[in-house]
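One structure, as structure tokens, below. Some questions next.
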Amino acid sequence: MSIQINHHKLDWQEMADERHEVLAAWVTGQDVDLEEAIAYHRAMPSKLNFAHTLTKAKQAGRTLAQPRAGVAELGAHIELLQYLQNEGEADLLPTTIDSYTRQNRYEEAERGLEESVREGRSLLNGFPAVNHGVDNCRLLVESLSIPVQVRHGTPDARLLAEITLAAGFTAFEGGGISYNIPYAKRVPLEKSIRDWQYVDRLTGYYQEQGITINREPFGPLTGTLVAPCISHSVAVIEAVLAAKQGVKSITLGYGQCGNINQDVAALQTLPLLAEEYLRAEGLEDVEITTVFHQWMGGFPNDEARAFGVIALGGVAAALGKATKVIVKTTHEALGIPTKEANAQGIRATKQVLRMLQDQVYPENPVLAQEREIIMQETRLILDRTLELGDGDWALGAVRAFAAGVIDVPFAPSSFNAGRTMPARDNEGAVRFLSWGNLPFNKEIQDFHRAKLEERGKAENRTPSFQMVIDDIYAIGQGRLIGRPR
Amino acid sequence: METKTLVLGVIGSDVHAVGNKILEIAFREAGFNVVNLGVLVSQKEFVEAALETNADAIMVSSLYGHAEIDVRGLRDLLIEAGIGDILMYIGGYLVVGSQEWSEVEEKFKKLGFDRVYPPSTLPQDVIPTLRADLGL
Amino acid sequence: MSIQINHHKLDWQEMADERHEVLAAWVTGQDVDLEEAIAYHRAMPSKLNFAHTLTKAKQAGRTLAQPRAGVAELGAHIELLQYLQNEGEADLLPTTIDSYTRQNRYEEAERGLEESVREGRSLLNGFPAVNHGVDNCRLLVESLSIPVQVRHGTPDARLLAEITLAAGFTAFEGGGISYNIPYAKRVPLEKSIRDWQYVDRLTGYYQEQGITINREPFGPLTGTLVAPCISHSVAVIEAVLAAKQGVKSITLGYGQCGNINQDVAALQTLPLLAEEYLRAEGLEDVEITTVFHQWMGGFPNDEARAFGVIALGGVAAALGKATKVIVKTTHEALGIPTKEANAQGIRATKQVLRMLQDQVYPENPVLAQEREIIMQETRLILDRTLELGDGDWALGAVRAFAAGVIDVPFAPSSFNAGRTMPARDNEGAVRFLSWGNLPFNKEIQDFHRAKLEERGKAENRTPSFQMVIDDIYAIGQGRLIGRPR
Amino acid sequence: METKTLVLGVIGSDVHAVGNKILEIAFREAGFNVVNLGVLVSQKEFVEAALETNADAIMVSSLYGHAEIDVRGLRDLLIEAGIGDILMYIGGYLVVGSQEWSEVEEKFKKLGFDRVYPPSTLPQDVIPTLRADLGL
């Protein structure tokens, strides 16, 4: 790989050629007119601005609820989002992009879209925003009364960002690590990080014109037993990389692990860590908010049980005072949800959020210890990353992944070492059975070892990969910890 | 006892890696020779791997809902490559949303698969059938 | 009222005439043969014994799930309970008795039963066990593979107890206070307490023959903003009264208030208080277990929201380590639930219970304070009660209610003072806006006053009855605290 | 302005007291003279109270599902007592389980009620209609 990257701000003028090339990749690119887009954003009411809504929630100490949703055809997609807004009482809306678009396969997306129109049902697992183009996307934005975000999983999202931001979307999920490692196999990190610096720089350009676009690294990564220190490390790096490009509104994510103390501690430490590392880079005027993802791994088939999982996610989000929560549905283990199921997931979550909104999870030593562990682990990883990058976060990230200093469990990417093995401890918190090359000190290593020995003793078996497999199936089978039966 | 070779992979633009890793481990523990192509596997890669490794079966996964589009023509490619009668299974979330299972099964049988499995399948649900189909 | 009561053990021989009279009240009474019934119980497998199952759960630190359910006709009722056992995965079963039986109106029950059979749907809101009689009830008990309890709301349950215990039921809900004050208007406490001493003495008789029948005072009372000190006081008195009659397995209940700290503190203090007062009476060999009732007040109409309320109840039950939880359904605000809805409520609850079963709610100062308040308040009430009774708990209870020393909000009974007014504080815990004659000391009074002033300030209104009304509707409308909009 | 008198109560063996207390307060605040019989009220008590207080309307609650059985014949008793044309409302969970509302409404209109209200009724949903029905 010959791309040379660093974490410095891209020069907007020098990006002109690249932008030209990006916009030429699909016919709809030609409709992007940045100056006109900025005027369009200026004329939008503030209630449609994502960052604005997040700021208000953060100040009020409230947790907002946002679903995932996207279908191929425009009319159907508008109807879906309006339903989630009106019947689901969503506070924030998504537009989930289909998997072809995520891989920049616009021709296949076009075919899927055409067939979907023909068959009258969505053959795509999301909304192909690039194929729809700026004007159609604006019809969508204008048909809603709350802000809407682009949610996807695209290693190279440059064209998608150009089109959707020009269309009036005010939030854009993803990042150079979080939308590569869990979502690709052979995309080098240098390339995806660079492509996401483009997206961040574009966002920064809007910001320079006074238009705040919210950016959100994808917190849960593979969604499967990802310990907080891993996702926090990626989140902080992506926050720094985005802020360097001029992004001012950043929402950092974390996917529910299932142990309430660990989840609350993770939510509490995430902004602390981000602000600490941003400050160290002199990036002080960035607003950090948090997003909690309800359980991202395998779900129970049974809808009633799924409601239990969903509500428990709502509990952790509320007690951890997340700024927003991404809501799952009772159809999670069945397939893409109907709009009714989606709305039900939101309403169940909102009931929990509202019943807990004025309650405080009391400070206590177990929570403090959990926070301390997360802070220490994450700092060990991040400090080593910066060291590997000789003070450059972009370079450091590439080298840290190569060295297994950051290592995401179950990730498909060949640029991920894949040497860690997570498992739950005896109270269900996610720990490491093997930490591979994570730069843990002896104290932390002993901590993980002791925690898993404790579980092993309780289950009368030696901690092994079978525990991991059992844990992967556990929630789907109605429990948190995969105990032998 | 003879060791049979399985080619394993997640087809198309699909990146769901967890089930794939678990299947790899389970099939290996059950005594198969497993060639795991991982995620994001094209039809061509499946055919080439099957040819190269002289595989006895192809195990296709698709979780993300696009299987219908992604597998069309795969059986034909295998026929062209001269291994048209190779055993081929598919499993996962095969369509977008949830549809009547019997319809889904029929659809994918027509698309050239010998057996079709829903997402709740555990490795132990498949292995005995696979052994039988391979004459083990 | 001329009944003279005291808390001493009834003389079994002297009860013979009364038993004769009780059994003569409805034709099915003649089928009760105590010696034969004891032989029947002896032959029952231990897995059908309620107390036995509770003991195992308590030792394992697990929370069991139990629904409410009852329809008029026997076959339909058996089908319902089997469904809840098999599809709902209930750990314990109920038989909810209809409201005519609860008022000893067996003729009306008979009519309701006949009409139900004729129309093929239940016109009664429960199972008229007295009308069905011993043999039919045995058919029910024998058709199940887990224990089943009688749940009702009957001020005078003597005949119901005779018949159902003889039929092999191994648990019987209710008590002389908890099944009078919320369930009757003009039944004097002397009468209901004496009638429940009969039930407890009967239970004690079974116990003397080696058959343990579990007894459970009805914890939630009116289900509407009942602060822990009120329900705990009633629970402890009924525990003492039952134990005096020879009852050895007692499950004490508490209905979810909605603030997690208060709910956990309530569950933790309930057995402590009971054991303290039992010990003082020299009643040491009684096994105390706890039951948590998911929210007993008005529910949301929307099923998804109701799932949220149900799951949050599961969270509090699990974190408070209740021995069992009584599960609500998503049809709560719609009418008596279908069996499917009932099973869904159980499964959603069990998912939450299982995901939390190995987690510990960490000890913390807020929780400790909440416990301290509940302990102090309850002791103030109980000590004054005993004083009023000149050392006799039965007499004390009667006099305490007359004096408003114990006072259940919203109770229909004319023997309840009805001078307290509960309201939520700014974190949703249930406090007192007016404590009427509750024997609170200045410290406790100041505590309540301060808590409600804090809320008043946050809402910019003076605490008043409007707050109470707002709180009553709040959960049904999707929130815990009835804030002005 | 004239003050109208309402007789309020929960009929039969029903002890649900909370809604009844709230209705009492709300009707009183709305300017009515309220005679609240509370819970566990028999048909006879309703009729007697209406006669004694020269009431303008009877407001029956039933929450526990037995209303169908409990209210049969109440209108006839009122006719016998010579106040057959008194305004009479009923509200609450009127049947066991949930049934189509229009059917429930019709059933209770046939049983002699002028208006029938579902359980989600708030006091403010009733008061304007009540005023109108009483010519206020």
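The first chain written gets the first letter, and so on, giving A, B, C and D; residue counts start at 1 in each chain.
Here, a contact is a pair of C-beta atoms (placed from the backbone, for glycine too) under 8 Å apart; a residue touches a chain by one contact, two chains touch by 3 or more.
Note that the coordinates shown come from a computational prediction; the quantities given were computed from them, not determined experimentally.
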Residual chain groupings, excluding subunit A and keeping positions: B | C, D
Separation of subunit A from subunit C, taking each centre as the mean of its C-alpha atoms, in whole Å: 45
Length of the line joining the C-alpha centres of subunit A and subunit D, rounded to whole Å: 55
Centroid spacing, where centroids are CA-atom means, of subunit A and subunit B in whole angstrom: 30
Whole-Å separation of chain centres (CA-atom averages), subunit B against subunit D: 67
Where subunit D touches two or more other chains, by residue: none
Topology of the chain contact graph, where touching chains are joined (line, ring, star, complete, other): line
Touching chain combinations (by label order): A-B, A-C, C-D
Contacting residues of subunit B [partner subunit A, same complex]: 12-15, 17-18, 21-22, 25, 38-40, 64-66, 68-69, 93, 95-99, 119-120, 122
Parts of subunit C lying in touch with subunit D, wherever the complex brings them together: 99-100, 102-103, 105, 108, 111-112, 115, 121-125, 153, 182-186, 222, 224, 297-298, 301, 331, 333-338, 410-412, 465, 469, 472-473
Complex contact set, residues of subunit A against subunit C: 258-261, 300, 302-312, 314-315, 343-352, 354-360, 362-367, 426-428, 475, 478-481
